[in-house]
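Two complexes follow with chain A in common, the first pairing it with chain B and the second with chain C.
Then we have the complex of A and B:
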């Protein structure tokens, strides 16, 4: 409950910050309208093309695109701006204040910056997922949709955790500004269903770099290709990665407090 | 009753990478990095009672900030213990964080692009301050610091002094019982410094909060603190009343004289000549505090004086002098 209140407070502050500079605001609105137009146009191309890719139907591909957009929104709205803020706060020492606030520092680092302009991205993602599920036909059952949503959430948590680990490494290396570039490079591999990659690459994409967890696996759940055990395992992977990330973060903080001056 | 702050044998040793300048050394350092131990704080002991205002003094790099950081919980000590309000600071218990504050004059807590009022509200949310309590505290702080006119401007448009007021206020919204202030008046002009000082004095009187502050300005410390702790090369060198210290260590004043043809006059017969980098035009002599009037009148009578200043020696000098003697 208090976390929601805090997110609300951060959101309000970030809206105020985005409105602080007028010219910047106008450019942002125009730019985002253009982006939205471009996105809708490119979706139109996909809709008018009924080919399949790697054995996946058009409806499923659209839903996959939706999940991918969801991850992308997470990247743009939270991960990019907060990484920038994080790296800066390590450099200028304002990280000290974050640590001394009586709230979970990982939480503060996650939500203190929110790119509010890209909220439409989130709406678009949800629309795509709904349309995609609808287009996939009548074969899909409610439990399939449910496991799909569950695993999509768990996948997003995996990516989030990966991000936390990457930025926490900064506590050891002091300067590690490329942290998110690495994550983005990994994510771009998840744009296409993992099955289009050769097997060895698929293994890397699925297990070593758990990006497919966020995109392809929820889709497989949607198609009813996953058994109960598999769903459970992927869900547990989500939880485990979050726990591991929290521990790495804690260790990082400890390292920070041991080494900084 | 147990003291509010108690520190026993507190030590902190940093490992600092060490290498010589130059390209080859840089390459060698990449593969085979050598570290040097720097003892920032060594076996420091002290107790501070509730409501005390204590000044931490010492030259740059003496270990003041490191000590403050350990007491606030940012740093783990290498050895030793500290107890503040019944907590071990570096365990970072929520309850502890809600009852202390650290204000660093050189770092910003407020967001640059939005009015301070909005950062205040964010802190209200983070510290879970109920609305009525927040309003009451804010009213009190406003009364003392005249915040209201500053609240609606983006922080980037505030002057340094105005910003510092807001930085201090935002750190006090949750009514902390212990205040750690690391150079809260740095960079401020004389009036600005005086305002912050008056505020801290009044705040301490009203709330009974315990305050530890570090400062480079002797005036900050003399105005606020009855007790000072001097740290030098990481070691505690003095802990006691401020009056005893100035009597013991620095019963001197600096007289600066601006003269026509300064080079022709030798001031060594009036007092020990000292260098002063900040004001190269003047010649400076150091004299005993109780001889200032006598020597000043002699100077004025004997020499073509255009301007004369009398000041406390810089705190760094006092301390250097005290412990290098």
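Then we have the complex of A and C:
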């Protein structure tokens, strides 16, 4: 409950901040629509040349685009702004004040900045998923929707945990300013089903920088392609990665000594 | 003049060398999309035999050459110069007797390019062994012809980006404008897919725009897919667009500097 109240406070603060830049918000939304147009056009180009891509039709690819946009929103609305603030606070020592506050420092560091207008992107993503699934004509049962939600959540947690580990590395290497660029770089791989990639690339996006765990795999669950054991394993990976990330964060925090001391 | 450029080179080379970790990250960031397009299109071509006459090897060679052409013809001037207009640090450069955009920023960009080339080379060789492209259609003449074409195309792109950057004299939203420009490049340059696979309308428009000169044209030159009239036509287009871009940049820059009033001035 305590953290819900905090999130509410952060949201209110961030809405106030973004209201100061209304025109920017309009421009950004227009650009966002332009990119959506491009993404749909590129899918159209692909499917005017082929029937299926790695066994998936255009409907599934549109749904995948929706799931990809969920992860992308996480990246833009939460990961980038908070990382920027965090890196700054390590450099100038203002991290001291964050630690002094009577709340979990990992929570404070990862949720204090939220690009609020990006919420409309989440709605757009859900619309894309629904339209895509409808177009594909796949028969979706209630348990499949449930496993999809479960694995999408677990995939998001995996990405979130990886982010924690990447920024926690800054405690050890103060000049590690590029901590999340690698995440952003491989993000684009989430636009297409990981099954079309050559083996080495599939290994990278599934195990090392697990973008596919948050994009391809939940959608496979929605299509009923995953067995019970696979669903269980991917769900456990989500929990395990969060536990590991919290431990790395704690270890890193012990290393922190402020900028001046 | 030569001495000035020599000194600018030393300064900018040292500056870029200092940020070599950043550079590697940039390289990674910029490599991923073409590799993904390569993987997607080769998978389609393998599944269907070919895509409108393009075989899997055609796609592999196309994107492998694209990695090099894109590196040569693209520029980062919006990121290295835009903030100088906004925070007023341009003032110091304006009082020097040399053009800030056409000397210092240009040399800086070239230093950046050459350093990333060093990073790209080993990665490109690894990709070569992973994808095993068949480059038998490449000719020495094609490569030699492509080098001036790419340098001129870089200048076209640089002048256009510089003109957009100079819009910072009027508006703070240059980054949004540049994002739109970037989308045009994606649409008309052949970055996503070889142009003949794009919708007919886009192909027709792309013919007259400068963006295909930055990627599609030099790639085809290197791969030896062009007839002599096509090669000449490409060079003529490059010349025309270079003049147009130069005129646009010059006009925007002159107007902008007059408009400029730095913070604290």
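Here is the rule we go by: the second predicted complex is superposed on the first by the 223 of 261 C-alpha atoms of A that agree within 3 Å, B and C clash if a C-alpha of one lies under 4 Å from a C-alpha of the other, contacts with A are read in each partner's own complex, and residues count from 1 in each chain.
Here is the rule we use: contacts are C-beta pairs under 8 Å (C-beta built on N, C-alpha and C of every residue); 3 or more make two chains touch, one makes a residue touch a chain.
Only a predicted model underlies this, so the values are computations on that prediction, with no experimental measurement involved.
Contacts of A:257 after superposition on the shared chain: chain B is touched, whereas chain C is not.
Within the superposed three-chain model, A:42 lies in touch with chain C and out of touch with chain B [touch as defined at top]. Judged by the touch definition given at the top, the superposed model places A:225 against neither chain B nor chain C.
By the touch criterion defined above, A:34 reaches chain C but does not reach chain B. Residue contacts after overlaying the shared chain place A:96 against chain B, while chain C stays out of touching range.
Once chain A of one complex is fitted onto chain A of the other, the partner contacts of A:181 are limited to chain C, with no touch recorded for chain B. Residues 2, 5-6, 8-10, 12-13, 16-17, 20-21, 92-94, 96-97, 99-103, 108, 254, 257-261 of chain A are the ones that touch chain B when the two sit in their complex. Of all the residues in chain C, the ones that touch chain A in their complex are 21-22, 25-26, 28-29, 31-33, 35-36, 39-40, 43-44, 47-48, 51-52, 130-131, 173, 176, 179-180, 183, 186-187, 192-193, 197-199. On the chain A side of its complex with chain C, the touching residues are 24, 27-28, 31, 34-35, 38, 42, 45-46, 48-50, 52-54, 177-178, 181-182, 184-186, 188-189, 191-192, 196-198, 200-201. Every residue of chain B that touches chain A in the complex is listed here, in rising order: 14-15, 40, 66, 69, 72-76, 90, 92, 94-95, 97-98, 102, 104, 106-109, 111, 113-114, 118-119, 121-122, 125-128, 154.
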